[in-house]
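Please go over the structures that come below.
One chain, chain A, links the two complexes that follow: it is found with chain B in the first and with chain C in the second.
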Partner chain A sequence: MSQSEPPGGVFGLSYDRETRVIESLKVVSTAIIVLVGAWPIYWMTQLAFTEYETVEDTVTVFPTPDIFTLDNFNVLTEPEMYTYMFNTVVVAIGTIVTVVLVSLIAGYGLARLDFPQKENFARILLIGYLFSPIVIGIPLYQIWQNIGLLGTRFGLIIALSAISMPFAVWLMWKYIMTIPEAHEEAAWVDGASRWRGFRDVVVPQCRPAIIAAALFAFALAWNDFTFAQILLPQTDTTTFAPGILRAMGQAQFLPQAYLMAISLAMTLPPLLFAYFMQSYLLKGFQVRAL
Partner chain B sequence: MPDIEIRNLTKVYNESGNSIVAVDDVDLTIEDGEFVTLVGPSGCGKTTTLRCVAGLNKPTSGTIKFGDRDVTQKPVQERNIALLFQDIALYPHMSVQENMAYGLKISGFSREERMARVEEAAELLQITDQLKKMPADLSGGQQQRVALGRSLVRDPEIFLFDEPMSDLDAKLKAELRPVIEKVTDEIGCPTLYVTHDQEEAMTMSDRVAVINDGELAQVAPPKEVYDEPASQFVSQFIGQPSTQFFEGNVGAVNGTAELDVGGYEYALARDGLEGWAGEDVRVGLRPQYIRVSDDPDAGIPATHLLDEPLGDATHSFFDTEFGEIVVVTDPDFEGNGGEYGLVFEDDYIQLYDNDSGVRIA
Partner chain C sequence: MASETGESIRPGRAYIPWDDLPVKRETVAGIGTVLPVVVLYLLIAVLPVAFAFWASLHEIHTLNPEWQWAGLANYREVLNISTFWGSLWRGIVYMVGSTLLQLAVGLWMALVLNRITRGQKLLTAVVFTAYLIPTIIVSLVALRVFDPAGGVFQMIGAEWLGLWGGREAPLGSRDWAMRLLILVGTWKFAVFVTIFTLAQLRAIPDRFYEAAKVCGANRWQMFRDITLPRLMGIVTVVVLLRSVFMFNKFDIIWQLTEGGPGNATTTLPVLAYKTVYTDQAYGLANAIAVVMFLFLLASAIIYFKLFNPSEEVETTT
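Presenting the complex of A and B:
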C-alpha cells in the first residue's frame, strides 16, 4: 500500500478521518520509540558537558552556560584511557577486516561452488551463532593460553571474528546469490580468471553487504565486554568496556560526569558509523531469504 | 579465422539419480564468417549446446574444434570468444566505457589503445554519447548495443549469442537485428546465434539449425527450412501461423499419387510415393496455401469463427470437421461468421511419416 492511499476501514470512519487518525497514531508511536531510544543518549550527553561537582550534588537536565564545561573530557587524555581507546580501535578494525575478507570468500564459495554437504555446512555455521561469548570464552582462555594468544589483540580479533562470522557469511552468501552469474561469465568470456572475476565484478557489487557485515562486526567488537575481559586479563592491554569497569573499581574517586564523558566518547563512533552508512546498511539487509 | 566444428556433442545432466540428456549427439559445422542460428522450443538443448561451445559447460562427450584447435578441454578464458547474454550482463558498477574496455584491460592493452578501440566500436554502434553513462541509465536496446561493443573491441575468434533479444520489444528487436548483422560482418568470424524466436532465425541467418529434444532436426538455409521442412516438427515450428496437420491415406500411386484426407481426394504429382500406396500418412499444409471459397460446396465446408487482421494479411479461424483450421487470408477479408469452403493447393501439400514424423514428400 502506498502512503498516499487511505488505509481502509480499520476504525470504520470516513477516509479523511481515518487517514488523520492513522497519521496521528504514527506520530505518537514514532515519538515513543524515539524517546525510549534517544533519552539515555541525551542524558549521558548532557551530563558529560556539565561540571562534575554540579552533577554530584544536584540533578540537572541541560548544561546551561554557567555549569557548562569541556573539562570532563580531560579524563580521556590519561594514558590508561588512551591505551584502552587505541586497543579498541585496533581490535575493531582488525575484526572488520577479518570478517569482511573471510565472509566474502566463504560466501562466494557457498553461492557459486558445488561441494558435498554444502547446505549442512551452512546450517552448522548458524549453530555457532547460538553460543554466547561467555560459553566460548572460558575454553578459549585455556586454548589461547596454550598457544600464546592470551593477552594479545590478535587473539581477541580472532575470537570476535568467529562470533560475527556466521551472520556475515550467511549475509554474503545470500547477497552474492542475487548477483546474476552471467556477470561473472561475461568476465570469464572477456578473459578474466575466476579470481579476477570475483575481484572485479562480484566484490564491487557486494558493497552494501560488505558495509552491513562491517558494521555488524564493528558493533560487536566495539561493544564487546566478555571476550575482552577474559582474553585480555592485563589492565594495560584491555579495551574500553572492561577498561572503564576497572577504572571505576580502581580509582578512589571517578566522578559520574567523567564516566559519562568516557561513555559518550565510546558511543559516538558506532552512532556516526550507523548514521552515515544507513542507506547501504538497509540495502544489505534487504536480501530476501536472509 | 577458423570455423567451428562440433562433433558428436552430448551433454547429460545428472539430477538426483535421473540423467537428463540435454544435447544428444549433435554434429554441426559453422564456416568462417557464417551466421548459423540454433532455434528450437525452450528446453530443447540449444542453450546447453551454446554453453558447451563457449566453454561454460563441459560436454559429456564429443569434441569442439575452432579450426585446427581442439578446445573441448579448454576453459572459457582461453577460447577467445565473444558471448552476448540473454540478461545482457553489463557490469553495473562500471561505466559504458569501462564495460567495453574491460576485456582489453585484462589482455593488457595500454590505456590509449583501449580508449581508441572503444571509441571506434562506439562509433559503429552509434553509442558515442553514452560512453560516460552507467548501464542502469541506458534503455534495454542501448545496453545490448554496449554488450555488442564489448564483444566487438576484443576482435573474437568466435561470436556466440544466447537469446540476446528475448527481453526486448518487437520494434527494438527489428532495430537491433541489422546492428548485430553489421557487427558480425565487421568481425567476420563464425557466429552461433541461439534463439527461440523463429523470426530472428529466419531474418539473420545464413543457415538455420532447428533443434528438438537435444537432436538436430534440420540444418539448412532459412528459405529451405521454410519451404522444404525435413520433418513434421520443423514444419510446425517454423512459420507463423504454423502448419496445419491432418490424417491422410495414400491411395493408388500411378504417376500421380492419390491422397485421401477424411474423404476429400487430392492428386499429388510427386515422385517417390510408390512404396506408400495404401499407407496412412500425416498431411501438412501451410495456412498460406489454403484458399477460402465463398461456395461452401467447394472443398471442405467451414464455419468462420474469427479474424485477426494484421494489416498486411489476416489470419482467419474456421471450424471444420477436422477441428479448427487457420487460414491466411487477404487483408480485406472479413468472414462475419459465414459458411465457406476451404480449398487446399495440391502443390504445397507436405506428407510425413506417421510414426517418425520424417518428410516423405
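Presenting the complex of A and C:
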C-alpha cells in the first residue's frame, strides 16, 4: 500500500469512521461484560439483605427499607455452617502452603540445576491436567480408607495440592528462568551456599510468582467440590461446598435468603483478591507458565 | 535434600566425597528438588489409576468391600449398558458446546479488556471474580434464579419469552437442562480463556502495531498478521484444557441437576459417581473411570501430536 493513501478500513469505511465504530463497539462490549459479570453477585447480595419470607416466593430487585434485614447473616453463627467454613479455610491454607513450597523448590531445580530427563519430567507433569477429580477421587476413596486418611482434611489437602502442581511448577520454573543467574552468582562469590542463594536471592524476587501460585491454589481449594464430596463423606466434618449442598437436602429450615447470605460471606475473600491482587495474577501469566 | 538444608557449609557437617561418587552433586540436588512433586504425583495420580485398573477387574460392593475376581466382566458390562453410550454422547455434547461458547466469549472479553483505557482495574476484577468464585455459589445463585417460586430468570423466561411454563422448573426440563448447564458454566469458566489470552495480548509489544501502521496496514490486517498468530499457541492450549476440564466436569452438573431429569444431563463423571453411591457397584465405577482416563489420554496424545502446545508456547517469545 502506498504511503500517501490512508489505510482503508475493513468495510470500506474511512479510518476515522472505523475508529468511531470500534470505539462504540468497545463501549457496548464493556457495558455487557460488566452487567453480565457483576449481575449474579449483585443479585446474591440484594437477596442476602432481604427478609427471608419475601425471598421465598417473590421476585424483588432491591432490599427496600420495609423488607431490608440483617438477620439472614445469623446463619453464619450456626455451628454446622461455621464448621464447614472453618474446614474450607484450613484446607485452603494447607493447600496454598504445600503448593508454594513444593513448586518453588521444584521450579528452582528445573531452572538452575542440571539433571537427566529434566525437560521430559516437566512435560510429563502436564499430564496432571488430565487428572479429573472424579477419575482420581473414586479410587482414592478406598485408598484413603485403607490408610486412614478418609475424612481427614490432610487427605484432601494432599489431593488438591497434587492437582495444582502442573501449573504451579511450570509457573515457578519459567519465572525463575527470567531472573538472571548473575544475582545468585554474586551471592555465591560472597560465600553464600546454594541454599542461602535460593532463600535470600531467588525467593524474594519470586514474589509475584509466589502470589500467583498461591492465588491459583486458593481458587482451586476454595472451589473444590468433587474431592471434598468423595473424600470427606461425613456430613459434619466436610467443607463448605458439599456441606451446604447436603444441608439443602436435609435441613428442616434453610430458606434461600440464608443460602444467599452465606454465599456472600464465602464470595468476599475471592472478590477482594480479584480486586487487589489482579496485577500479580496477570504477572504470573505473562511468563506463559504452561 | 538433607545436604541442601541450612547454612551447612560450616564445619560439623558430615563429609560426603562427591568427587569419588558416580553421580554428580548437582544431579542429586536436582532430583532432590523435584522429589516432592514426584511423590505427590505417585500418590495422587499413578497409584489411584493403577488401583482403579485393579479394582475394575473385581466385583466390589461400595459399602462392603469384599473383592471378588471378575476379570473383564465389568468392562463388558460398561460397554453394553446403554447409559454408558448415552452418557458418553451427552458428555461430548456438553464438552464441545461449552468449549466453543467459552472460547468465543473468552476471546471477545480478552480483546475488549486489552483495549479498555478507563476503569480497567474494576473490569479486570469483575472478570477475575468469576474465575475465583466457588462453583457452588454460582450453582446456588443459578438454582435460585431458575426456581419457579420467585426465580427472576424463570419468570422472565416464562412470562416475557414464553420459553417454559409458569410453574415449570427449567433445570428440571429435558429441553432446557443441558443448555442451561452450558450457559451457567460459560459464565463461570469463559474467564479462564480470557485470563490466558489477555496475558498473551499484553505481552505483544506496541512497536509491532506501530510498525504495521507505518507500513499502511489496516486494523484487520494488523489483527490477522500480528495478534492472531501470537494468540494461536495459547488458544490451542486453552482449547485442550477447557475440553478436558469440561469433559471431566462433575461439580456444576451434580449441584444443579444431579444428572437429571432422568438421565438428560448424566455425563460420564456423573454416571461414575452414581454407580459408586447409588448402585453401590464400586468395581464397575472404576471400570468407567479407567475408560474415561483412556479416552482423555488418547485425545491428549492426538492433540499434542497435532499441535505440540508446550513447544508452541515456549517458542512464541
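By definition in this document, the second predicted complex is superposed on the first by the 271 of 290 C-alpha atoms of A that agree within 3 Å, B and C clash if a C-alpha of one lies under 4 Å from a C-alpha of the other, contacts with A are read in each partner's own complex, and residues count from 1 in each chain.
Assume a residue touches a chain if its C-beta (ideal position, glycine included) is under 8 Å from a C-beta of that chain, and two chains touch if they have at least 3 such contacts.
In this text the structure is predicted, and so the values were computed from the model without any measurement.
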So, on chain A, is it clash or fit between chain B and chain C? fit
Would you sort A:Ala186 into first (chain B), second (chain C), both or neither based on which partner it touches? first
For A:Gln250, using the defined touch cut-off, is the partner it touches chain B, chain C, both, or neither? Pick first, second, both or neither. neither
Scan A:Ser24 for contacts with chain B and chain C and give back first, second, both or neither. neither
Partner touching more residues of chain A, whether chain B or chain C: C
Please work out whether A:Asp200 is in contact with chain B alone, chain C alone, both, or neither, and reply first, second, both or neither. first
Mind working out whether A:Thr267 is in touch with chain B, chain C, both or neither, as first, second, both or neither? second
Looking at the overlay, what does A:Glu56 touch: chain B (first), chain C (second), both, or neither? second
Quick check on the superposed pair: does A:Asn74 touch chain B, chain C, both, or neither? Answer first, second, both or neither. neither
Overlaying both structures gives a minimum C-alpha distance between chain B and chain C, in Å, of 9
By the touch definition above, which chain A residues appear in both interfaces, chain B in one complex and chain C in the other? 191, 193, 196
Across the complex, what residues on chain A touch chain B? 180, 182-183, 185-193, 196, 200-201, 204-205
Under the stated contact criterion, what part of chain A meets chain C in this complex? 1-3, 5, 7-10, 15, 18, 22, 26, 29-30, 33-34, 36-38, 40-41, 43-44, 47, 55-59, 61, 101-103, 105-106, 108-110, 113-116, 118, 121, 123, 125-136, 138-143, 158-159, 161-163, 165, 169, 191, 193-196, 215, 218-219, 222-223, 225-226, 229, 240-241, 244-245, 256, 259-260, 263, 266-267, 270-271, 273-275, 278, 281-282, 285-286, 288, 290
Parts of chain C lying in touch with chain A, wherever the complex brings them together: 4-9, 26-27, 29-34, 36-37, 40-41, 43-45, 47-49, 51-52, 55, 65, 108-109, 112-113, 115-116, 119, 121-138, 140-141, 144-145, 147, 149-152, 155, 187, 195-196, 198-200, 202-203, 213, 215-220, 234, 237, 241, 244, 247-248, 250-251, 254-255, 269, 272-273, 276, 282, 285-286, 289, 292-293, 296-297, 300, 309-310, 313-314, 316-317
Of chain B, residues touching chain A in the complex: 54, 56, 75-77, 80-83, 85-93, 102-103, 106-107, 150, 154
